[in-house]
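Down below is the structure, laid out as structure tokens.
Labels A, B, C, D, E and F are assigned to the chains in the order they are written; within every chain, residues are numbered from 1.
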Amino acid sequence: MDSPPVLSAHDLACARGDRSLFVGMHFALAAGELLMVQGGNGQGKTSLLRLLTGLSSPAAGEVQWRGRAIGQTRETFHRDMAYLGHANGIKEDLTPVENLRFQAGLSGHAFDEPLAESTLRKLGLARCLDLPARVLSFGQRRRVALAGLLTAGALLWILDEPLTGLDVHGVALVESILRDHLNRGGLVVMTTHQALTLDGVAVRTLQVGRQEDA
Amino acid sequence: MLGFLLTVIRRDLLLAARRRGDWLTAQFFFVMVVSLFPLGIGPEPELLKRIAPGVVWVAATLASLLSLPRLFADDHRDGSLEQMLLSPEPAVLLALGKAVAHWLIYGIPLLIVAPVLGIQFALPAEAIGVLVLSLALGTPILSLLGAVGAALTLGLRGGGVLLTLLILPLYVPALIFGAGAVDAMLAGTGAEANLSLLGAFFVLSLIVAPWISAAALRVSME
Amino acid sequence: MSINWYKYSAPATFYGLAGRLVPWFGGAAASLTVIGLYLSFFVAPTDFQQGEAYRVIFIHVPAAWMSMFIYLVMAAWAAVGLAFNTRLSFMMARALAPTGAMFTFVALWTGAFWGKPMWGAWWVWDARLTSELILLFLYVGIMALWAAIDDPRRGDKAGALLALIGAINVPIIYFSVKWWNTLHQGSSIKPSGTSMDEVMLAGMVVMAIAAWFYTIAVVFVRVRRIILERERHTEWVKHVLEGA
Amino acid sequence: MMEWGSWSAFWAMGGYGLYVWGSFAMTALAIAVEVVQLRQAGRQTLQQLKRLNKWESE
Amino acid sequence: MDSPPVLSAHDLACARGDRSLFVGMHFALAAGELLMVQGGNGQGKTSLLRLLTGLSSPAAGEVQWRGRAIGQTRETFHRDMAYLGHANGIKEDLTPVENLRFQAGLSGHAFDEPLAESTLRKLGLARCLDLPARVLSFGQRRRVALAGLLTAGALLWILDEPLTGLDVHGVALVESILRDHLNRGGLVVMTTHQALTLDGVAVRTLQVGRQEDA
Amino acid sequence: MLGFLLTVIRRDLLLAARRRGDWLTAQFFFVMVVSLFPLGIGPEPELLKRIAPGVVWVAATLASLLSLPRLFADDHRDGSLEQMLLSPEPAVLLALGKAVAHWLIYGIPLLIVAPVLGIQFALPAEAIGVLVLSLALGTPILSLLGAVGAALTLGLRGGGVLLTLLILPLYVPALIFGAGAVDAMLAGTGAEANLSLLGAFFVLSLIVAPWISAAALRVSME
């Protein structure tokens, strides 16, 4: 039962400065699958994920979404995709709820305030709803960003080390969230240096850069 | 489309409201620059009247320069600019919305205090009218072109000063037409010619600048 | 080894071509300068109004022409680069800017040195002078932007965008001559003919052509260096480096 | 010296020597600076590139 | 063989905004010991560590260094202590080596360039010595900050989630570094949400905040 | 002590130098800001000469306002300010070093181009001398007082109001004495009185400002 690939990369190459990070990268990802991008620090994982989002453009090759280059189908692609990078993308002066409200507005959905609040509560931020993000702890800010991901309702999630700063409960929560998303037919491309237990879902791995290099 | 534009604008307005100090700085600077000239030059009314349009316009330009470096920088740093560029809506709307928000925050207050400054310099009422009109047409140009500069210098060191170097030459026509309109009014030759040039320049910037800012934003994110 | 590496990429081809052309343009520029200087100092007569001071014209005007023309050429290359994403166009734009700025500076300096005896002031806020000053700012701004961005691809595009939007400004500034009553003299070479002494005109034209050839030679040298820097991972550059 | 009776007349430029020669000298200087700077930069680039390539191929 | 405490906290309390994070906190740490501060996101670990450094001051109680309040012996204390927070404290425009040079200058040691370079190499940054920190990857920047810690030569290390963004090699490296430091008689106060294997060294734990809270 | 101070200064200078030509940028910035006024006001030399001192001084203020917000903000954001405050050396040296570095980067270029600006405005030679002197005494004041404002507003929401209300009025005396000295020279009344007031103000700021900045930095880090 091979489902057709939804997201695929063809002969992708990436260079930063005058260093070539990878060349000839291929992969294909179908609905319900998770792609775990692996590699040590500085091997080019973040660079790869940014290529996949379309924020930067590859030195060679192309990324396709449902068989079309993402450059050509940008609008659809960005409607279907949500990205969480090393930076949280939340405004320090706004409360978590306000942050989610504007994120929804900017990606063009209706904002569902009760849903947003319940998501934040589910992520353990019940006591922080009225605080500006500036005073939140490191892990709490990461949680706000994760809440934004959940409320975005995207099909494809591109997550760059989503577990950064999360405590053990947080990690377990993210695992269950990922499992739900995949079971509902979502796609995930992610990186992490931490161990993750994801049984019962289809996980592919992709190695970036040389393995022995730090 | 429109919803996206409005969200961008509302978001910036809310953020500005949370940090009131920022825009007060620009206003205060504007008033201060303008008020300092009588102190430095002396109280001759005729002289002051002569330099008033130029001084007000230069002060408006400088006040907009003060605020521009942060137009995209904060969003860039905390990653929300990335998120906005990943929106399904076109980046040109983002650039436009940012420029509009900038104008609402920094341009409108200038329009409001300008008549007071005009009175300080003993400008006749109709000249004050032209002054406000010229600022109303001209300050959006400053915001639109300024957004281009802000996008180009995003993430570079020495942001504010470099930005100034890049966009002051672009501001020059607005300055000349704007101050020229009031001068012409004072000289009795009628301000229409200058104002319509200013208007044309405004329309041109409105059409061209957001595209260039959007392209520059994409380039800066690479 | 007789493999012709140059065939394999456009910058490579251009690198060789430019290298062969540089001496010719350089030589032509030098000989034309000698002829032009001879015309300027030994053939052209004393001006009956300005005395000998007018001889500044033989560099002032060519420099002023070059300063504007180079900007437009640079903006054109930038536009081509943005439209077709051709690396060589960006490199040409980068190579042109310093020379353009140099001519702008020379036009300003010689203008100031002419203005002092003629108008009694080094500097006046006349439209023509101001617009030339702003042109210098544009050049410096673009070069500062290029210098500030480490990543060449990003720098190319950012600088090109600025050059383009600045080009919109050039004619606007230039025609501001009309909006101010101006001290500086207007164009004397008009489509309808010229109002100038023929020898003077000849001197100016010869000097202007010399300036053009000089610009081409210098820009080629500079663009060759930029090509080497950018393409240093390619086989042909390694080949060139081994040869050098 | 057909026009200028003497060298000193030539340098004096009818009293405008400072201005005429000031202009020509600055132009010559500007061009010289550009040419010298271009040469130096070219030489530096060559050396640097050679060094980098050698360093990388190691 | 109870060695005398070098760092101790007496009846420490901390409040942020109108929320009290902890009260009546006590601990004492002797040479060669590691204090592992535990607690979920937002429980006040970072707040505690900042109290210990003297950057912020407690609502009640005091922190002592060799028996004297750190406010009274600030200079000595800061000479003996090195802090690594959530932020790396490195300048993006400088190369790793330059960063270390200025860190040394600012904390008043002589700068030993060969040592700095070898430390950076040891941390896997051999290929990044000439790059400005801005272009480094997330984990590489963390490694530069760690190198700064190592070259500071301090006795007491206060580390706030030092493992953030590090890959598995990086984590192993930090473990061995910690072990060395403790065996040489150093002290460490740290937090982390990741598992750390530190056998053969004296580890104390300190719980901040309520345990069940996320 | 001295080593620490020098390290702080060298560090900021290196950071500024990283962007090649930062210094040159600062100089062009001044020429450009100053050139705006004639564009707005018109080309009459007599008029321009009258306003020249005020114009140059306003440009100096603007440059300091444009660059000051980032004086501590960058270090604050990336955590290096924390690290510097954890140094065994006293924080007042840090504050002083930062202000000195700021002056070296933005004050010195202004001093260097000031004569050119004076020539553009057709000031007589001795007035240009006084202008440079007044800037040499006055720009350090802007850096020192500006550092206080930058430290106070660091990370504070709405603290910008405080900055504006606090710092700009403090700048006013420097502006008045500075521009006044040149005006007095032009009017033939001698610049000593103004210059010595400016000098006194400078000494006062040098003694007081670093302590206040240091205290403000500590408060902002809490």
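Definition applied: a residue touches a chain if its C-beta (ideal position, glycine included) is under 8 Å from a C-beta of that chain, and two chains touch if they have at least 3 such contacts.
This one's a predicted model, so the numbers in the text were calculated from it and none came from an experiment.
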Components of the interchain contact network lacking chain C: A, B, E, F | D
| item | value |
| --- | --- |
| Interface composition of copies chain A and chain E: same or different, split at half | same |
| Top chain pair, ranked by how many C-beta pairs fall in contact | B-F |
| Length of the line joining the C-alpha centres of chain B and chain E, rounded to whole Å | 46 |
| Centroid spacing, where centroids are CA-atom means, of chain C and chain E in whole angstrom | 57 |
| Whole-Å gap separating chain C and chain F, where each centre is the average of the chain's CA atoms | 36 |
| Geometric centre distance via CA averages, chain F-chain A, whole Å | 45 |
| Residues of chain F engaged with two or more neighbouring chains | 15, 18-19, 25, 28, 32, 39, 42, 77, 157 |
| For chain C, residues that touch 2 or more chains besides their own | 137, 140-141, 144, 148, 150-151, 232 |
| Multi-chain contact residues (two or more partners), chain E | 86, 93, 132, 135 |
| Chain F to chain E touching residues, read off their complex | 3-4, 7-8, 10-11, 14-15, 18-19, 77-80, 82-89, 221-222 |
| Chain C residues touching chain A - in the complex, by the definition given at the top | 150-151, 232-233 |
| Residue numbers on chain E that touch chain A, as the complex places them | 16-17, 19, 39-43, 45-46, 86, 123-124, 127-128, 131, 135-140, 142-143, 161, 164-171, 193-194, 213-214 |
| Residue ranges of chain A touching chain C (in the complex, touch as defined) | 17-18 |
| Residues of chain C defined as touching chain F within the complex | 121-126, 130, 133, 137, 140-141, 143-144, 147-148, 180 |
